[in-house]
Amino acid sequence: MEPWRTGLVDSKDGQIRLRGYDVTSLMTRASFTDTIFLLHRGELPRPAERALLDAILIGVADHGSGAPSCATARLAASGNRQSVSAAVAAGILAVGDDHGGAGMGCMEMIAAGVQRAKTESISLDEAARLVATEARAGGKRLAGFGHRVHKTDPRTEILFNLARSGGVAGDGIAFIAAMEQAIATIVKPLPINIDGALAAVLHDMGFPPVFGRLVFIIGRVAGLTAEVAEELSREKPMRIRIPVEYDGVAPRALD
Amino acid sequence: MEPWRTGLVDSKDGQIRLRGYDVTSLMTRASFTDTIFLLHRGELPRPAERALLDAILIGVADHGSGAPSCATARLAASGNRQSVSAAVAAGILAVGDDHGGAGMGCMEMIAAGVQRAKTESISLDEAARLVATEARAGGKRLAGFGHRVHKTDPRTEILFNLARSGGVAGDGIAFIAAMEQAIATIVKPLPINIDGALAAVLHDMGFPPVFGRLVFIIGRVAGLTAEVAEELSREKPMRIRIPVEYDGVAPRALD
Amino acid sequence: MEPWRTGLVDSKDGQIRLRGYDVTSLMTRASFTDTIFLLHRGELPRPAERALLDAILIGVADHGSGAPSCATARLAASGNRQSVSAAVAAGILAVGDDHGGAGMGCMEMIAAGVQRAKTESISLDEAARLVATEARAGGKRLAGFGHRVHKTDPRTEILFNLARSGGVAGDGIAFIAAMEQAIATIVKPLPINIDGALAAVLHDMGFPPVFGRLVFIIGRVAGLTAEVAEELSREKPMRIRIPVEYDGVAPRALD
Amino acid sequence: MEPWRTGLVDSKDGQIRLRGYDVTSLMTRASFTDTIFLLHRGELPRPAERALLDAILIGVADHGSGAPSCATARLAASGNRQSVSAAVAAGILAVGDDHGGAGMGCMEMIAAGVQRAKTESISLDEAARLVATEARAGGKRLAGFGHRVHKTDPRTEILFNLARSGGVAGDGIAFIAAMEQAIATIVKPLPINIDGALAAVLHDMGFPPVFGRLVFIIGRVAGLTAEVAEELSREKPMRIRIPVEYDGVAPRALD
């Protein structure tokens, strides 16, 4: 077998270098968030970038023990207390388009919209109106907008303010703000939620769409590990049994 | 890298042989259950062995959608509808000592008990009394006994009858029956449940203890895949949200 | 929380009924393959259907220890020997569009093609020519055709013969045969492989496309459990270390 | 079903409070590492504690693409490119006693050793000698010592210096240093490795043993996500096929 190629980690002779930096240097002079940025981008972040990545990771760390990812991890821990790896992994497996995954779809929409404005030589506002109109016509739900409770999501404001004051804000934030306006006009007012906000900010920081999902996983693992630790220390094995109502065929005999 | 060694599958040149048999021969002349036995044991089963393995796999296939494994799979599918692999895997991750895993522990107990009878030149009844007495003294719960509802588990009777009529019954069934007697005398009457029954039968069929857990996984995947398919076809994304009550510290401000 | 609804399993009072049948009856009078069919379809299979499902499950059980699903399971077992659930689950997680998942895509293509023939009142042959032509024009790879080694896949012939002699063969097999012809004319001769064959057969048996992936998972778990058992019994922990070549940035110092 | 209790997250009315702190406050005034500490401990860390947790997370983030966790994630991504959740989860499933899990075992040993010194009114040095002697007699491998390459692990020195200068060093570091001495005398010189070092430091910070495994998972997810992103962006599907050598029974025919 050919050796695998990688540009991430050089670990020959027990020395470990992450993207060229000796891990021992990073341990004393960088934060974990810096290292996440470094591994994914190849360079250490500027202070504004670090602040944004910290804010995003904190913003997705845990939204409640009953959300699918956390509940899945707790259920797995309830039946299988021997392996915390299994429980945390189970929690991550609940992350998809419908839970924690909107950031990726939204980043793809932003990237396509910004590109379209350039290709068609139209403004971001005009591109946003086209995207919103087409989505409405196609009955397609747009990721990154709307909230069960809030009219404006306070986490969005925090991310956008950090991006603006740090000189990071660019086409991504401009385009999603234009989308919010277009949606309000064409459909109904729907605030940019945390998924939409982190998508816009990560786009402006230069991350590819897949990072919109990966960053959710990285942040959520902070919550999942705490949920699993609480389940194991505070609850009995098998304490969780979901109530079920059978509505299938009546009892019958085999011929 | 050295090639991995395996005695399971020969797949050179696109020919696939499982334990020496061409897969195309097996496809027309064997059952899936035969193939499971073959892969794990190296030989095809006798009819009585096939009947027992079928009965065990059916017996563990699905005990209800609310059990940890099934509920975990459904929760994962609820958040992540893009990957049925992820949902089924999440369900398997809930399988451990406390859920679906008792068979392995019970097989280890049976193997140790049967061995002890030989080593100490005592009867299986005597060995069972010693094991039960020591477990009681040590406050150790014995896997494979007791049922939330039944006084005798009907699935146990089925497995034991099949084993006896098929000439498979041996020291495993004899020892666990002796354990049931000993526990009834020393602690209280506790029926041999499905985990205990399959452990005794698999011991008598010559399987190692780890197969007590693996057989549960193989059988349960039949149920997990059906649970996931039902969740996806019948329910909306994110329909599951577990009710949670917060009882931690009161709201507080950062300094 | 509202109880979950299910039509699969009734497990009130410790009685377990799968799709209406008492599990104890199934244990003595059905095979595991029957039970898989029952859980997914709501009825027990006819003999020809059982034979086909057995053949499909055997056909996908294991294609070699080095394939992604098996290798992933072995690697996980190599680092984490405490949880066979974790290792088997890891193996399942490698199943996707590119490995073991072609059956689902192919079933979707077949369902769409058969539907199109009806809607447009054209023959299956004509529909197949249109699908193949459009795929070629769009540069789209069609799932279910081609094999690294074989000119005709012997497993395909077995499944089709079983389907024909059992009276199961229908539009699915007819359409995929028409596709094979169309592809040979328009692109180049590519045999129907096991994925294409099982897709056609499962379509004719009335299964939905998602079962094309689920059946691979069910069958492959037979192989994954055997691979994990062999890894644990025959190899040392951490014996696997993949050779890696670093080709990223040169060592550098932090400022 | 009774609501689940939790002391971690209060998410009523769309407000999210982690351990009492509003998530929006944390987003602007805390780091991700602070939030990990907060979720697991209930309080924000002091600066020395934050520096230590950052250093530990960085120290375990990635040791090379060929290690079981990273290789497992890449293999899963190779077959299943549709779900990055599945690939990252697969990587976590390789974390166990033999890979990334030594921290937990070592924390248990430290906790037991420190407790024993108190209970038996002996010095930590004396307790360490007893533990090392008993381990040698029992043929038990002690987690946290030894390195394939280094005579002294530079990461250990960094963690211990940070702990000492930050006033965190306590019985944990004292005991493991005593263990290193005892092992050198009784067995042979074996340096405290990263697992042993983080175990001692986390003990002195007041974490329970299970966090020794969870912290590895949290840190390693930074690496796993980067490995998966590189695999998807740089490599073709199914590019990985592990070389395998079959050494089982010869081809044979079914009767």
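As written, the chain order gives the labels A, B, C and D, with residue 1 at the start of each chain.
Throughout what follows, contacts are C-beta pairs under 8 Å (C-beta built on N, C-alpha and C of every residue); 3 or more make two chains touch, one makes a residue touch a chain.
What you are looking at is a predicted structure, and each value in this text was computed from that prediction instead of being measured.
Asks: Quick one: which chains contact chain A and chain D both?
Replies: B, C
Asks: For copies chain A and chain B, work out whether under half or over half of the interface numbers are shared, and give different or same accordingly.
Replies: Same: most residue numbers at the chain A-chain B interface appear in both copies.
Asks: Please identify which chain has its centre, taken as the mean of its CA atoms, farthest from the centre of chain A.
Replies: Relative to chain A, the chain whose C-alpha centre sits farthest away is B.
Asks: When the centre of a chain is set as the mean of its C-alpha atoms, what distance in Å lies between chain B and chain D?
Replies: For chain B versus chain D, the centre distance works out to 30 Å.
Asks: Provide the C-alpha centroid distance between chain C and chain D, rounded to the nearest whole angstrom.
Replies: So the centre of chain C lies 36 Å away from the centre of chain D.
Asks: Averaged over CA atoms, how far is the centre of chain B from the centre of chain C? Could you give it in whole Å?
Replies: Here chain B and chain C have centroids separated by 24 Å.
Asks: Give the residues of chain C that touch two or more other chains, as numbers and ranges in rising order.
Replies: Expected reply: 1, 4-9, 11, 26, 30, 64-66, 80, 82-83, 85-86, 89-90, 93-96, 101, 240-244.
Asks: Within the complex, which stretch of chain C touches chain A?
Replies: Those residues of chain C that touch chain A are 1, 3-12, 17, 19-22, 25-26, 29-30, 42, 44, 80, 82-83, 85-86, 89, 93, 242-254.
Asks: What residues on chain C touch chain B, complex-wise?
Replies: 1, 4-9, 11, 13-14, 16, 18, 23-24, 26-28, 30-33, 35-36, 39-40, 53-55, 57-59, 61-66, 74, 83-86, 88-90, 92-96, 101, 147-150, 154-155, 158-159, 162, 208, 210-211, 213-214, 217-219, 221-223, 225-230, 232-234, 240-243
Asks: Using the touch rule from the top, collect the residues of chain B that touch chain A in their complex.
Replies: Residues 1, 64-69, 71-72, 75-76, 78-83, 86-87, 89-90, 93-101, 237-238, 240-244 of chain B touch chain A in their complex.
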